[in-house]
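Two complexes, one shared chain (chain A), two partners (chain B, chain C).
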Partner chain A sequence: MRPWVRLLPVAPAVVLLLVFLAGPVLWAFQASLTNASLTGRNARSPVWVGLENYGRLLSDPVLPLSLALTVLFVGGSAVLGQNLLGLAIALLMTRARRSVSAAVGTAVVAAWVLPEIVAAFAAYAYFSRDGTLNQLLGGIGLGRPDWLYSFPMVAIMLANVWRGTAFSMLVYRAALNDVPSEVTEAAVMDGAGGWQRLAFITLPMIRGSIATNLMLITLQTLAVFTLIWVMTAGGPSNASTTLPVLAYQEAFKFGDIGYGTAVASVLILIGVVFGAAYVRLLRDPRP
Partner chain B sequence: MRRRALTITSLIASVAFALAGCSPGAPSDEPKTLKVVYQKTDSFTALDTMFKSAKQEFEAAHQGVTVDLQPVQANDDDYGTKLALALRSPSTSPDVFYEDTFKVRSDVDAGYLLNLDSHLKEWKDWDTFDDGAKAAGLGDDGGTYAVPVGTDTRAIWYNKKVLAAAGVSLPWQPHTWQDILDTARKIKASNPSIVPFNLYAGKATGEGTVMQSFYELLYGTGSELYDADAKKWVVGSAGFKDSLSFLKTLYEEKLSVSPAEALDANVWKKVFGEWLPQAKMGATVEGSYSPSFWQKGGSYEWPGYVDDMGVAAFPTQKGQAPGGVSMSGGWTLAVGASTKAPDLAFDFLTTALNQKNSLAFNIASSQIAVRKDVAADAGYQAANPFVKDVSKLVSVTHYRPATSDYPRISAAVQEATEAVITGTQSVEQAAAGYDAAVKGLVGDDKTVRK
Partner chain C sequence: MTTARTSVPARRQPVGPPSRAQQRARTFADLALVLIGACFLLPLLWLVLASLDARAGHQTALPREVSLDNFAAVMTPGLLFRPLWNSMVLSAGTAAVNLVAAVLAAYPLSRYQSRFNRPFLYTILFATCLPITAIMVPVYGMFVQLELLDSVPATILFMATTTLPMAIWMMKNFMDAVPVSLEEAAWVDGASAMSALRTIVLPLMRQGLGVVFIFVFIQAWGNFFVPFVLLLSEARQPAAVSIFSFFGQHGAVAYGQLAAFSILYSVPVLALYVILAKGASGSFALSGAVKG
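The block that comes next holds the complex of A and B.
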């Protein structure tokens, strides 16, 4: 059979991908080179402005802040928070009793099962001035800081860790199950302690899963919008304006589609860079 | 052989799948449908009621025409965004829609609105509309593109009980900014747990920050945001800095809500729903529509508001003429430029805004009527005990400069207020930041130093 015939069954998937993924990406990039807007004269007849939007972006004082916040958010809540916590829970679950492990698993997955908007409102209720957290803190005699106002990024990052850890936990549980017990037992025989087994046996053996997990949660977290929008709407004074929030504000709040899509294009670029880095990490054979 | 069968099956499946997306649209012999888009929130259902009644009337009069009401559950900002997105394409554009007055000009520029001049000529009710209100629907070319449903003004709403307890003589009418500070300090001294005088600030309350706070200050200094004659934006004005300083004083002395509360987008709900009814706030600047929240059927029903609340005009900075400041906005109904049935759409618009429906709507939403026959109606005047006071403010009111740059300029103002009340910038820095932002947005040649 000719190769192209064999590819036919995947054709619908490819078409859908082109239409719904590549299409919008290309459209966004094209729009970022125009002065298209939601209203006003530029809505009727947008004109090609080349790289003007990108030039403006470079001189926008909010951009460096926004980039830094995005890196902080992804690095802190995904790469460190979700990833390490997910791994830790997965490791502990392999040792714990079946009932404990099931209870922990359910609790962690519950946050992940919630739709993003519901999770966002739950987190808002938790961190708000008279919210659950402050009632708990007040109850034990600690102060009642205004989390969403004084520490917006801390609140958002904790919320994202809460919401996303289940994914990493599930990935690592599956990976840890695949580590053959003979290898670990052999290491025990050789006198390796817990940390040594983890560092020299377990982690190297699940290296592939670590890279896959990092890639997925990085891309997921880069795109987080609802959570931040509901909790702080990017405020106060842009203190939690990550790139997706910035792109939304520019495109829809100010109606400046051209500029907003330029921000979105930068975001896509960052995603591609991260993706490529992780793919490399995945492909490298073990040293 | 088996593999070939599999290939063919999947080929057929994929083709069928692809075709499923292209099924023919609705048959053309279906009755005509008018799509009507408007805003509805938990606390704002008056418009929904009006359109439902108009739909009934209209469908009875036009056999075979269906009115498809599509209320959008959103706040003002999000409603505007959603509407603009729908208007971008003829296939999603509504036939009749609810449009903010300050978006009319830029949406006319964008080609979203149908020119109504020829239709209005044949609508005899048009003469009963207030001339000032008619101006809200004008495009830059002088044509009329939208019909106003009501307008509003802003005033100081104060709780008489709180003021009386602090020894302020009633009725209260401050004549200068200093009067406001003096009274607020007096209230604070008599009961520190009360918020004496609230003015919104920051980006979270959006247009509320500028409409119900900053512009009352700015226009009372004799300065303005935009020089309409020269078509230039004003920068570097002393009035701008004075206004920021006043906000700073209020927030620093804790005469207003705390900065954290001010930066919560839901703060206005607490103002209407808790603080004023529970006598925990002395006064706030809010719109003439305020009673709609408290009256029967409103979202924060409070029968006592009639006796407990008082209204005062917002004073000018030093008591200079005309003695008060107010801001006006309001909403209109417009017809989509790409409607396939402009006559039917306009007919529906006039049904929705006939005397009966306008009256019911203006009462239910505490709007200031724009139809003279509604304004003169005894039921309208009786329904809202404050209607006289707030209607009077039309004589000292201001409108926002409705250019397409406006939303960004407004955001820059909001940002300046936020920087000042949170203490991240001094008044000088925030004002300089605003000037720089405006110059960046519209270009140096479109600004003027005053």
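The block that comes next holds the complex of A and C.
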């Protein structure tokens, strides 16, 4: 059989991926060069405007803010929050009683398995003015700030840590489990303390998992929309408008598809950079 | 693909009774974990308590009187059953499309050596990295031009495409685990590749098919953004979107009903996740399957 006949069964998957994934991405770059809009004349026959949308993007004061908020959100809640907390939980689990590990593991995973919108509602109620967090803080006399209004980024970052840490925890539990106990036992014999073992043996041995995990949670967090949309809708006055929220608002709230896709194109480009890095990372597993 | 396992085999415990230092370390670890676990459970507490409280707000409080009124109030065809049915159609459709396309694609990738294999697998791996939220605006634009807006089949095909790369990787891994030698006998007897796939390979990877189906189903069931953008008429919207109407759109928020609806809507995926975790802990690790 000729090679292309053998590869024929791949065709349905390829067609789907081309039409519904590659298509929209190409369409995005094309539409970002037009003044396409949701309604009116420009919806029927969009006009080519060249780089006008990108020019607007560069002079739009919301874009630097939104880019900075996206970096803060991803860096704070994924790279630091989810990653370190997930690693800490996985390390603690190697020491703790198995029943405790199992119960706590279930609690952490529960926030992650719940449908996104339900998790978002729970987080909204938790951080709202008279929600659980303020009940606790008020109970110990620490005041009751309006988190979603005064500190929207803090609230959505904590919510994202709550929602997403399970993934890092699962990755690190699997990785730690593959560290042969002979190696750590030998280090104990040589008199290495807990922190020394962690820094010089455990972390170097799981560095492949650390890199993979960082890459994946970065990409996942970059795309978070529902959580932010339900909790703050990007507000108050853009104070929590990350790039996905901005793209949505421009395209659907203000009906400017052309400008919205320009924002989306920036986000896609960031994803492309991370995606390429991720593929490289997996091709040469020893970085 | 990265391996993240949902289950972890038993740790090797050191022989002999633990020393005092070890015991102290263990107690410290236990306490720290319990504290972390409590923090993770707290936001969920509201969901459970509010669903049982007919006069719930955002406060977490023990209900004055426990009642199932909220559940009774949302259990109507218009509020609960039609959206859940829509979710069911969307999720099952998405999972079915994934299963068929992924099995077909995985077979040549798993069975034949070809110089296209590696580039293809890396390309679709790369595709999994594209932020779907960024693609939604262009997808909407495309759906408008093709007049596919508010079409359930088109939405299913798009949702299936977003999970397809992951499904192909999982499927290929499961298929690689079925030895080729079993099919060779069938080929000698004159069976075609497709009939060998149907009669020999698929029955042997039943469990893998189940894992992929459930995995995709869970993702589709929880998907809010895609149907929120692509399905406009209320009659077609899944529970993930219709739940939004409890929330502020019609004036006062019915928190108790929102919580009750959330729980009823979450139960199917929680049950499926338990099945998935059990199935995965048995014969294989869920390679590359764990994606938030």
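The rule is simple: the second predicted complex is superposed on the first by the 259 of 287 C-alpha atoms of A that agree within 3 Å, B and C clash if a C-alpha of one lies under 4 Å from a C-alpha of the other, contacts with A are read in each partner's own complex, and residues count from 1 in each chain.
Heads up, the rule we're going with is that contacts are C-beta pairs under 8 Å (C-beta built on N, C-alpha and C of every residue); 3 or more make two chains touch, one makes a residue touch a chain.
Remember, it's a predicted structure, so these values are computed and weren't measured experimentally.
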Of the two partners chain B and chain C, more of chain A gets touched by chain C
Please indicate which partner A:212 is in contact with in the superposed arrangement: first for chain B, second for chain C, both, or neither. second
After the superposition on A, what does A:252 contact: first (chain B), second (chain C), both or neither? both
Note to self: Looking at A:73, would you say it contacts chain B, chain C, both, or neither? Reply first, second, both or neither.
What the structure shows: neither
Ask   = For A:94, is the partner it touches chain B (first), chain C (second), both, or none of the two (neither)?
value = second
- Task: For A:118, decide between first (touching chain B), second (touching chain C), both and neither.
- Result: second
Next item on the list: Classify the contacts of A:9 with the two partner chains as first (chain B alone), second (chain C alone), both, or neither.
Entry: both
Chain A contact set shared between chain B and chain C covers 6, 8-9, 11-12, 43, 128-129, 252
Within the complex, chain A is touched by chain C residues 1-6, 8-9, 11-12, 14, 25-26, 28-30, 32-34, 36-47, 50, 57-60, 97, 100-102, 104-105, 107-109, 112, 114, 116, 120, 122, 124-142, 144, 157-158, 160-162, 164-165, 168, 193-194, 218, 221-225, 229, 240, 243-244, 247, 255, 258-259, 262, 265-266, 269-270, 273, 285, 290-292
The chain A residues in contact with chain C across the complex are 3, 6-14, 16-17, 19-21, 23-25, 27-28, 31, 36, 43, 85, 89, 92-97, 100-101, 103-104, 107-108, 110-118, 121-126, 128-132, 135-136, 162, 164-167, 170-171, 173-174, 177, 181, 185, 194, 209, 212-213, 216-217, 219-220, 222-226, 230, 243-244, 247-248, 251-252, 257, 260-261, 263-265, 267-268, 270-272, 274-276, 278-279, 282-283
Within the complex, chain B is touched by chain A residues 1, 5-6, 8-9, 11-12, 15, 37-44, 128-129, 146, 148-150, 233, 235-237, 252-256
Residue positions on chain B within touch of chain A in the complex are 3-4, 7, 10-11, 14, 17-18, 77, 81, 84-85, 88, 103, 106-107, 109-112, 202-204, 259-261, 263-265, 404, 407-408, 411, 415, 418-419, 422, 424
